[in-house]
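The structures come next, written out as structure tokens.
Both of the next two complexes hold chain A, though its partner changes from chain B to chain C.
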Partner chain A sequence: MSKQVSFTLDGQEVTVPQGWTVMQAARQEKVAIPHFCWHPGLKVAGVCRFCLVHVEGARKLEISCNLVVQPGMVVSTLRDEVKQAHKWALEFHLLNHPLDCPICDQAGECGLQDYYMEVGLYQSQMTRPKVLKPKALDVGSELVLDTERCILCSKCVRFEDEVTKTGALGIFARGDRSIIGTYHGQKITHQYQENLVDICPVGAFTSRRFRFKQRVWFLKEKSSICPGCSTGCAIKVHGKPEMRRYFRVKPEEDQSVNGHWLCDKGRMTLEHLNPEARLMQAARWQAAQQAWEFSPQTAPFIRELAQEIARLAPQDIALLVSAQYTNEEYAEFFDYFVKQRGITQVYQWREPSEARDDFDGLLLRGDHNANTRGLMAALKQVGIKAKIGDQLEKCVAAKPQLVIALSPEISFTAPSLPEQLAQLNSLARVSLWTTHFSASQWTQLWQLLPLRGFAEKIGTVTNYQGKTRVLKEAFPPVASEVLAISQIIAGLHKEL
Partner chain B sequence: MGIIRVNRPAADRNAFEAAWGYVTSIAKGMQLTMKIMLKQLLKLEKSETLEWPEQPATYSERFKGKHFLTQREDGQVRCTACFLCATACPAECIFIEAGEHPDHRIEKYPVRFEIDILRCVFCGLCEEACPVDAIRLGPEYVMAGSAGDKWVYTKEYLLARPQLQGGIASIKVENDKHPAINKIASVENNKSVVRH
Partner chain C sequence: MEKPKIVTRFAGLADSRSLDTYLRHDGYQALHKALAMKPAELIELVKASGLRGRGGAGFPTGLKWSFVPKDAPEKYLLCNNDEGEPGTFKDRYILELSPHMLVEGMIISAYAIGAQKAYIYTRCEFYEEIAWMEQAIHEAYRHGYLGANILGSKFSFDLDHYGGAGAYICGEETGLISSLEGKKGQPKLKPPFPALSGYLNKPTVVNNTETLAVIPWIVQHGPEKYRAIGTEKSPGTKLFCISGPVKRPGVYELPLGYPLQKFIEDDAGGLRDGKTLKAVIPGGASAPVLTADEVAKVTLDYESMANAKTMLGSGAVIVIPEGQSMVELLKVTVDFFHHESCGQCTPCREGTGWLSNVMHGIYQRKAKLKDVEKMIAIANNMEGRTICALSDACAMPTRAIATKFGDEIRSYIQRGNHG
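Take a look at the complex of A and B:
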């Protein structure tokens, strides 16, 4: 353990590791020091001059983000002169800030708005017109940049330099005409663009995907785990449960897994939660009409499946399982089908083209399945020896009479899904359990059973590190007919 | 008008006397009614009764009636889809869908702006919350209809319904805070123009 240092913060004795700044100590103690340019995941810049605190014996106020804790230091964040300093610093920040709040997506979670209500509430003394700068610039596929709203905190520049190491952004021109921008009209192309939106304390960077979709004060947020790859970043899903709709995904701080960040692919996973992409009702393929027949009643489908299971010998039935479900779901699934029904043909369903050991150096891993380790452990539990790899072709070649398949949930993790489903068409009966559905690409499967998405169920997932974390139920399922695997298995129990 | 004092029949009087007391007091009351009726028949006094709807009723300019959306000078909707009216609305009757405007100086505008008028309580908080003076409660008060009518007012209806007379009261001129009030007032003075 490193050396500890004690000091006084607002009259409280606080002990922190040596080398910590007052800002870090205040964050740990949950003392709110207003700041714009400081971010726990980035280096200290000290440009916003907003996190001023009073230190006994110092000649003037100090910025807490760059003030290393010294033993016996007496720091106050509550004195009137600190409040006054915040007020004046805020007035400088707002000199040229446009009154865009009605059309700005940041409104409601904007540092400027919050601090204005807290310490500002003054009449502007500016008599000159505000400096106008370029607005609504296209700087990347996920980003819209409004240079007028920028307060030049330089967090985005530091993110580009330190985290993604792409260095795409810089501050150009001088004085009140300084603007943030990319070099020579280039665009930001990396996979971590929306982190710039998250760290931007104002509405300079807004997300193209979330832009104008919803005001943030209507959204409720719930913790979840990203199902996009085996990293399993801690995320927060933001949505309106009463609308059964999700609007955005943001990272949640988890130092042992993802730190403060989340890749853009991880944010795309919410598309698989909203009704447009979902299988909302059970469906069967009607060969005569060449169309899907949907039914709000799931029970007859489960009965049909149960009849097939009862009719066929266990060796004629195969299980095809993707690695995107929770440990509990696997345990229940294998316990029922392998242990109780004696089915021995269990195949893994993975993307054949996957580069499993790829890693982009930050978060995104080549193994796009959230729970590969959990699946392998569950297979081992029921005595099936298997290596990680796609076995769909093997399954098709074995020509089972009935395949019970757990489909991959997130479409970008399975680009060959339509081809794989086409391969399955050659089999007599496929009962596909899936969360999502695409009427244009999917045909001819015997039956589809609707499952709950990752934010609608409770369970645990094991990431690439072997860390098992709890996936919580964020919002109620999009439709009442959407089932948990345990409900389907309970239905089969009842029939058989 | 006045208070008519009636001697209450004492308990020991007989039934006829008690009934007579009622008859006389009704006659006294009718006397006042007849007096006013005769006065008005002989045009000695002005009647306050309106023959609505043939005769128009006028309310104050500040009456909070049917909503309308104000326009920019080029006829486009002023609303920037900031959702503040929807946030302030206690009846949650405002539905807005925002979209990207082709003109990047405007940036954001409502693709859909709908008011479920059956839920509206006419509190006027939407008007008060609006930062760009885009929604107002106008002086139209006739809102009766039948079950088949469209009770959800669309953006087009709120912005340019025939009663607004091509936006007579709804075009918002920059730097002029409440031109609609002036316009309505001038219409009021000039009786040849029918008020919307």
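Take a look at the complex of A and C:
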């Protein structure tokens, strides 16, 4: 263990590792020191000058974010002079702010608003004209930038310098004419744009996707794991259960995997959760009408499937499984079909064109399956030896009488999905278990069973490092007919 | 009062900038002496002299040098020749008189701190001074005072210069470092201090031109001789540049502790055209103003100025005659700092703008009487809260003018209100 240092913070004796700043110590102790420019994942800039504290014996107030704890130091965040200083710091920040909160997406989670309630509450003394700056700039595919709302905390600049290392942003000009922006009208093109929205303490950077969609205080959030790739970033899904809609995905701090960040691809996984992309009811293909017939009753479908399983010998049935389900789902699925029903033909369903070993150097991996390692372990568990790879063609070539398939959930992970489904069409009976559905692309499969999306289940996946990642909390599914794998298997049990 | 000449000893000499002239007046003698000493002994010598930095803050030079780690393999010495403080024109005078004085001072200082490389950061409008300085550097290289194995010693050292584009903030030592690194000229957060992590994140000493230029004299004549001049806490001489309606404006070398009033009246010849004294800014635009009454009581040294709640600063004495509007003076002052704030720290970025904004309101007589108090409150909350001292440099003179000349400003506003 590293050396520890003790000091006094608001009268409490606090011990932290040597080299920590007062800000870090305060965060650990849940002592709130107002701050705008400090971020635990970025270098200290010390520019907002908001986080002032009183240090006994010091000539003036010090900024806590750049103040390394010294043994025996006595720090106060509560003295009157500190509170006055915070109030003034906030007033300086708000001086040239447009105060367009009613139309600002940041409203409700804005540092300026929050701190105004905590340390502000003054009558504005600014009676002169404000400095005006450009608004609603297009600076990247995911971003809209309002330079007037910017408080010049430089977090976004540091993010581009230190995290993406693209140096995409800069503060131009100087003094109160300083303006945040990209160089010469360039666009930000990397895959980590929405992190700028997360770290921006005000509504300067807003998300193109989320803009004007929803007031944030109406949203509920649940902890889960991103299904976008084998990194398995910790996320919070924000949704409105009563509306059966999901609105955004935000990172959850996890130093062992994603730190404070998420890639934009990961945030797009959200699109697979909303009703437009979902299979909301069970369906069967009506050859005569050349159309899908949907039904609110899932039991008859499960009964039909059970009858087929009963009718066929185990060697005529195949399982086709993508690597996007939880360890618990695999355990249950294989336990039932392999161990209990004796099915031995098990194929992996993967994207044939995947570049599995790619890595963008930050988070995103070429293996766009959240649980490749979990699937391989589950197969091994039931005695099936396999190397990672797509086996859909092999499955089709074996011409099984019945295929029970766990479809990939996230479409960007499976660009070949339409062609793969077309290949499956040649088989007599495919029972496709799936979260999503596309009326324009999908035809002919025997039956479709609607599954819960990733935000609607709890469980674990195993990421590329072999770390167990926990989908901790679940939203209720978007429709009551949407099933958990365990419910389908329970249904089969009852029938057979 | 005796007025020994250290920096100005070359004034009036024919061809004063040439190496020949410099050598004829003991030039580079101090370097021989220094190279025979150990670096640590040199630092002790400068400490003993009590020399304080002439760039504005008056920080003890020997002490600053002693913070540099002895064993770091790569270190830098930077000469601050930005001379940005309004009213200041003394450093260029050194280059006009004898650039070799600076070159020799830099070689000795670099040897003391163990730097292998130094830059002179100059505002690039100093066209002639830059040419003179280049000439001196070339001569020094040709004669073995610069380059490898200086004067046959083991010490090798290179000197170059760099032209800044004239931003005031690039005179702040870490702003200067950023600019020299090719970055936007913005001060760096401290700690770490430059002595540990400065130019290119290597230990760095930044000293003002005048500070470095007196080093040869101190080394050659010894710290006692230097201490014999000036006061206990402010030893030596300093250059003062006096401007305003005096009979003989210009640069003067005076022993520290010299009475301000005497300087204005005797040396600069007093006010011209029958004007009377209203106030004096004793140390450049950042220094709080002194009223005529206060002027009579202070002497030109760090302590006396601090007691009068102002500062010696860069030595820029700006004389203000009766009849000069303090509203106008305050307006140009805050406008200057507003224009020059780099803008990274919120209190400075917003505070300088706010002061300027309120001041323009006052100037146009679209203001309330209590705007004067508001300016003082803003200034109080800009001070001591930022990365560099520019914020303080705006706050301090604002508070001083708004306090000492508050009645004048209020009556100006009122006259407006009454038509």
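As a working rule, the second predicted complex is superposed on the first by the 495 of 496 C-alpha atoms of A that agree within 3 Å, B and C clash if a C-alpha of one lies under 4 Å from a C-alpha of the other, contacts with A are read in each partner's own complex, and residues count from 1 in each chain.
Definition applied: contacts are C-beta pairs under 8 Å (C-beta built on N, C-alpha and C of every residue); 3 or more make two chains touch, one makes a residue touch a chain.
These numbers come from a predicted model, not from an experiment.
Asker: Identify the partner contact of A:R177: answer first if only chain B is touched, second if only chain C is, both if each is, neither if none is.
Answerer: It touches chain C, and chain B stays clear.
Asker: Regarding the shared-chain residue A:Q444, is it in contact with chain B (first), chain C (second), both, or neither?
Answerer: Touch status of A:Q444: no partner.
Asker: More residues of chain A are touched by which partner: chain B or chain C?
Answerer: Higher number of touched chain A residues: C.
Asker: Figure out whether A:I103 sits in contact with chain B (first) or chain C (second), or with both, or with neither.
Answerer: In the superposition, A:I103 contacts chain B only.
Asker: Which holds for A:W217: it touches chain B only (first), chain C only (second), both, or neither?
Answerer: Once the two structures are laid over each other on A, A:W217 reaches chain B alone.
Asker: Applying the touch criterion given at the start, work out whether A:K135 contacts chain B, chain C, both or neither, answering first, second, both or neither.
Answerer: So A:K135 only meets chain B here.
Asker: Please work out whether A:A85 is in contact with chain B alone, chain C alone, both, or neither, and reply first, second, both or neither.
Answerer: second
Asker: Look at A:S154 in the shared chain and tell me whether it touches chain B only, chain C only, both, or neither; answer first, second, both or neither.
Answerer: A:S154 sits against chain C, while chain B stays out of touch.
Asker: In the complex of these two chains, what residues of chain A are touching chain B?
Answerer: Interface residues on the chain A side: 101-103, 107, 135-136, 211-213, 215, 217-218.
Asker: In the complex formed with chain A, which residues of chain C make contact?
Answerer: 167, 169, 184, 189, 191, 338-347, 349-354, 357-358, 360-361, 374, 381, 384-387
Asker: Which of the residues in chain B end up touching chain A in this complex?
Answerer: 80-84, 87, 98-100, 104-105, 107-108, 131-132
Asker: Enumerate the contact residues on chain A facing chain C in the complex.
Answerer: Checking each residue of chain A against chain C gives 36, 44-50, 52, 59-61, 66, 68, 85, 88-89, 92-93, 95-96, 125-129, 131, 151-152, 154, 171, 173-178.
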